[in-house]
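Each in structure tokens, the structures are laid out below.
Next come two complexes built around chain A: one with chain B, the other with chain C.
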Partner chain A sequence: MENFIIIPFTVGLIYLTLVLIYRFVKWVRGLSKLDKLRLVQSFKIRRMLRSLKEVFYEGLLHRKIFRKNPVLGYMHMSLAFGWFLLIVLGHIEVMAARRSLLVPFYLPVFFRYFETGTTFFASGIFSFLMDFFLLIVLSGVALAMLKRFKKQLFGMKKTTRLKTGDRMALTSLWLIFPLRLLAEGMSAELYGNGSFLTSSVGHIIGSFSSESTNLVLWTAYSCALGFFFAALPNSRYMHIPTEVLLIFVRNAGIRLKKRNNTYTDIQVFSCSRCGLCLDNCQMAAAGINHAQSVYILKNIRNNNLTDEQLFNCLLCGKCEVDCPVGINTIDLRITQRIESTLQYNSSYNYLEDLPARKASTIYFAGCMTHLTPGIIASMKTLFHMAGENVWFMDEEKAPCCGRPLMLAGQHDAASKLIVNNTRKILGSGAKTLVVSCPICYKVFREDYELGNVEVLFHAEYISRLIREQIILPGKTTTRIVYHDPCELGRGMGMFEPPREVLRATGKVIPVKNEKQMAHCCGGSLGNLKISQQERAVLRNQAVKDYQQYLPDVLATACPLCKKTFARHRGIEVMDIAEIVVSSIRKSAEVVPVKASVKEEAFAEELV
Partner chain B sequence: MNRFLPDVLIHTTEMMKNKHVAVIGGGIAGMEAASVLARQGLKVTLVEKQKATGGKLNDWHHLFPDFSSPGVVVENLDKKTVRAGVNVVCHTEISHIERNNGRFELSDQRDVKIFADAVIVASGFHVFDATLKEEYGYGLFSNVITSVDFERRMKKHGKLLTLQGTEPRRVAIIHCVGSRDAKVGNIYCSKVCCITGIKQAIEINKMLPECEVFCFYMDLRLYGSKFDSLYLEAQKRHKIQFIRGRLSEAAERPDKSLQLKAEDTLQGRPLRMNVDLVILLVGMEPALSNSSLMRNNQMKPDENGFFRSVNMHEARNVGTQEGIFMAGTAICPMAVNETLENARSAALEVMNFLRTDKNHGGF
Partner chain C sequence: MEDFSFLNPGSRQIDFDNFDDRLLLYVLEYEPSFVTCISCGGCTATCSAGNLTNFNVRKIGLWLRRGETEKLSQEIEKCMFCGKCTLVCPRDINIRNVILLIKKRISELKTENQPV
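Showing the complex of A and B:
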């Protein structure tokens, strides 16, 4: 037997191992001190088991892809899990054959070449299983080839564009298993060491059988393997080893904190460029096909990210929903924006320190609600009915909440506004802060440090008033379709309170694209590049979808969504606060329930 | 020589007598086009959806730039249409134009059918719905009105009061509401609002000399021959203040006055101001009936939704469907005098078309 056939494989494997060790060490060393501590502390049995379980489910079985599309899931599972089993079983087989736990690393790979016809314990079962799993892997390869040409069969509208390095790796990956089949088939024909699959293939190619063709086929197989291993670090297949590291690092609680560190690299290299995010991205409808998350990740990795791409994103978060690797695409993009605009942050040194007013509750309308005075009027009515001692903090003059700056990457500038607002909120001694804009809500919850002040979204506040029967909306047969605002739904995970409020006033119609899969209205502040015409395309697409359900009113809980949809002119749009107030009026329940108690306080408010 | 000309004229007149032209829209464009055609000897039917002709001019108080009466314009046009023998049909809203066997069949939602050899669409414009700019508070705040409301109030009451019945001491006039605003989907200029704003500002000053008037503009588009002098007069004699900057938002104060937030872009500073009354200069939009009028024929909208001309320089009145012509603001925003000129040119295009129309014995 010629030993040189193991050389391509061995060289490739050694190169891959060295690169992986180098990169993993670099990445872990690049984490902040605190993150390293987190990682060390995560080395506990239960956490490790959880991570291993996730590696098994997502890295091998690909459960998330299965959920999205079973055929696509099978394709990934057969390749990953099938190959994994071939490796594990191959080792066990060799151990059984050699009756030793220590076997040369290359032997399981070239076992059928070196072991010519010896029988050992359960050798028949082993060769049957090895053939069986080879068949599974081959079915995955066949599906992968089919997917390249007929992606619609896999429930995908789009697939990613490949670059040369990826193409080379892809070709060698596609060749590995067909070559293995041919090589093992030939050996089976020559030495009779195959099972159902390899023997049959051996019979078919039997007329070419000779020691030399056998050698050529096994050499080709070794070359394909070696080539794939060598190409892997510089191709998208780097995601295979990196994803394992990502799972451990993520489960240690490590996140991006407004600045790039090696956690960015770990996420970037974990992207398999499967393209599932492409189908979820609405911007393609407006002809924007270059700024999706998969391309951003690729361009970060290749150091050729442009601002045009970076800022052409609604930050709606839909791409995150189906990412099989669980990459935090939004955090990642905002962090890139922060880094790319570091020198442009305004000092905001003209901000005034206005005095706070003592109150038990603060209402912060925010810039967007100021553009929809209908919502402000409804909120004032509700506060009045609740007899609340409210300070309308930004009625006359107040800085923005900071979130739009955050979305633009202006983190330092946003911090100035946050400090200014925080001082006032804490100074008022309020226990509750009510906001009616999801954009404000997100930043108040995530980036402000407000101690014991409870931040309530108006939906929560109103549903509380309804539950405590402080306000009594009248239920009608109005058909309501509720639009989940991005910042509130996917952004903050708040899906139920607005629906709860609406159910008290009418019939809430469930729609196909809701909650995690809700549309973006197109008005997003996150996109700094999109044109008004392109926004209108996205808006019309969403409205068309909602109109199928024949709603009397399209309800939303975001002033920006409301404004965006109203401009469509073909559908009535209302904020949940407005719907509640109008339903109270309709049911003639205008008498404020608790108003007598603190009405004077509020009257003073108005003056 | 002597023989040639009269022959043509006789032939033309005889032939044209049997031609029937339908004019959709009894505003000033439709009235002018119809009366010109009828005077040339054609049979003309003018169809109006309201109970009387005159269109939007019936609501206007004064015309720019000379503060003349729109009522007189409508009155004269009415006389002209009657004298020329135009068949005026009111209370009828045409919703379909279909071409059958070389003739046009016009129908409304009921059973009215009108047959014509040529059609003039003079369906006018739609006033921008100011509630779409919710941040300005129209429909929510009682002292936010539109330029159309101003004309109506002035015509009806002859004076301008706030909702509380007091004389305003400060008025803000907001330019470009619904015009040149990509956010509401209108990227074009409505052309007449700037001068309307100046006219209304002067009217306020004449009526209430103590009242301060502020115009918030992006840039002033004073294209007419007498418009610039009116602008100068507004500044010098009437002390109207012009602030370059778009209004960002309005908020109602407890006393029903309004707090405005804007940016003075010449000073480069944010600006906050309280006023008693806000007037929104609402733009012109394509008429709501445009899409149904285009449905059953080859008429096409232009990029803004108005009727598309086959050539914007040489054949502005000629629609993309042979035999259908446009007059007035169905083509694009224009002022009263331009509308009337445009209507006369539409009438001429119809005459030329019918004369050369091979299918109908023309030559």
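Showing the complex of A and C:
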């Protein structure tokens, strides 16, 4: 009996199963008690169905990759979904042939070898479908080979550098299906059990056909399968089983909470190193090609992450947008930074509890706004027009909001500043906190516990004033291109309020790279390693892109973006607050408006 | 009152045999731009932490060059990482990274039980 051909396949499969069981059990056990409870709670029919749907759409059909590029999507779908159908249909075929639900696990794989010539119910249809799906998978393999040489056809500029384990798994994966085709073709020629594809291949190689070549081909096929299974746990193909677990764990609501746990591992092993994040990363333009998310994930997995890589990231979040697996690269990296800087968090013992002033509204400008006095002056004018009782909290003395420390991974140190600021904000009895810096806005919204105090970004505040007709900006024909700050747009999901404000003052021109795909200005506080020269490269790249649309003014809602762009001489850059105030002034000169408003508009001119 | 040590300045002589360059070499290795510092003090003028307490970024640079590891380990704690110094630096030095490197190296020295 030539049963030994199943040995390589079986050994590989058993090894893979054992490794997967070991890792999955380790990961689930490593979750915190609360997270485990969440996971158990999520085993309800509706949530399970939702997760299964996601597994089907993302794990098999690869919908997100289709959206990015149809050819790339087809390549992934044909391999994943085609192979999946081959396995499922193969089992059904064997069940139909044996008239039993219990069939040996290896039989569907080597069916054409063991079942020679028997016909059974719908055997013709089965063999046609099996050939058809094999053709689809083979087309995927062909595309994958083509992609290695011509990745531009797949809409990709770069792919990841492979390591040895990946190469071994990749080669065996590429060999599996051509070998299956040859083996099935040979069997079809010998026993006549093939369909359109395998029979024709059998005819072509007919002159070599013999029982012994047939055996050799099937053994080679078995070896390729076994080798792939054995190589899978130590290669990037580990993402195939891990992604399924990730989807269930993520849909249970489990997130990273400032510290590493096994959810980090699940995400790390889910990375397929497809390289879609590489094309989105702007840093390559500045010649930084070692610190992108895919390499960070790889280095966490291999335990060789260096600070130079970890801190060399703008944390702009562009890589997260296109990740087909949906890995939270930003959370992951910040958590990694927190872990690496645990030893040196400051205590800030010098912070004093300065008295809070009673007011209905607090304005927190933030460190960055203090470097752009134009924004502060505009905000003061707006507050004055609105007749607001405002306490300018950090006009003279106040600690930083804590976000820059968070970005540098110093979470414990940041919480010291947060406590100090929180006490003051609550002490003033204010109902509203207005901030004009997205960096501060993010930390106030996410990490402060301010009770009933409403945190407003200045764009929201201004658009409210405009809606209530407290301020009357005049609409002109100024062409405005709006630059989405990373922390505000991708970071907080706020895209519309700044545009609403700008639409009241001029013509907002839509650009190609905006909202989710907006550029980073290059000034990001997230990156501690990038040099000013490299930052300038990124900034020039962004400005060049915006200049195509011939804007009169480049608008932004972030003092740091403004400061960064202002160093470029070719473009005028203004914050939305400044644009609104100047538009009010212009319209007050031309159009007769309420005398009081006009008067107030000029009263604050000297600030 | 501020102690300027005018009356008892102590010895200012630098002994090159005992010069402690552990931090300086580490910083220069990973942030070579620090070598271009002209001690202009722009960083100190804009510093958010310096506005709240007696903290001087320029002095950090000076002490780094003089190898005053012990003083640095106390003083460096005060920085809030807001990044204003980096933005105003006329020599485009990545000061935020310099501070991070000093903090990291000091904590490494402490865990290695070396004198700080």
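Going forward, the second predicted complex is superposed on the first by the 587 of 607 C-alpha atoms of A that agree within 3 Å, B and C clash if a C-alpha of one lies under 4 Å from a C-alpha of the other, contacts with A are read in each partner's own complex, and residues count from 1 in each chain.
Following the convention adopted for this analysis, a contact is a pair of C-beta atoms (placed from the backbone, for glycine too) under 8 Å apart; a residue touches a chain by one contact, two chains touch by 3 or more.
What you see is a predicted model, and the numbers here were worked out from it, not measured in a lab.
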item	value
Fit or clash - chain C, chain B, common chain A	clash
First, second, both or neither for A:408, with chain B first and chain C second	second
Partner chain in contact with A:94 - chain B first, chain C second, else both or neither	neither
Partner chain in contact with A:107 - chain B first, chain C second, else both or neither	neither
Which superposed partner A:277 touches (first chain B, second chain C, both, neither)	neither
When both partners are placed on the shared chain, which of chain B and chain C touches more of chain A	C
Contacts of A:532 with chain B and chain C, given as first, second, both or neither	both
Chain B versus chain C as contact partner of A:399, first or second or both or neither	second
First (chain B), second (chain C), both or neither touched by A:308	second
First (chain B), second (chain C), both or neither touched by A:569	first
First, second, both or neither for A:348, with chain B first and chain C second	second
Identified clashing stretch of chain B versus chain C [151-159, 259-267, 295-303 or 313-321]	259-267
Common interface residues of chain A - those touching chain B in one complex and chain C in the other	370-371, 396-397, 531-533, 563
Touch list for chain A against partner chain C, complex	307-308, 311, 341, 343-344, 346-348, 350-352, 367-368, 370-371, 396-400, 404-405, 408, 410, 413, 417, 523, 525, 528-533, 560, 563
Residues of chain C defined as touching chain A within the complex	30, 33, 46, 48-49, 51-53, 77-84, 87-88, 92, 94, 96-97, 100, 103-104, 106-108, 110-111
Residues of chain A touching chain B in the complex	370-374, 376-377, 395-397, 531-533, 536, 562-563, 566-567, 569, 606-607
Complex contacts: residues of chain B adjacent to chain A	129, 132, 134-135, 137, 140-141, 182-185, 249-252, 254, 259, 272
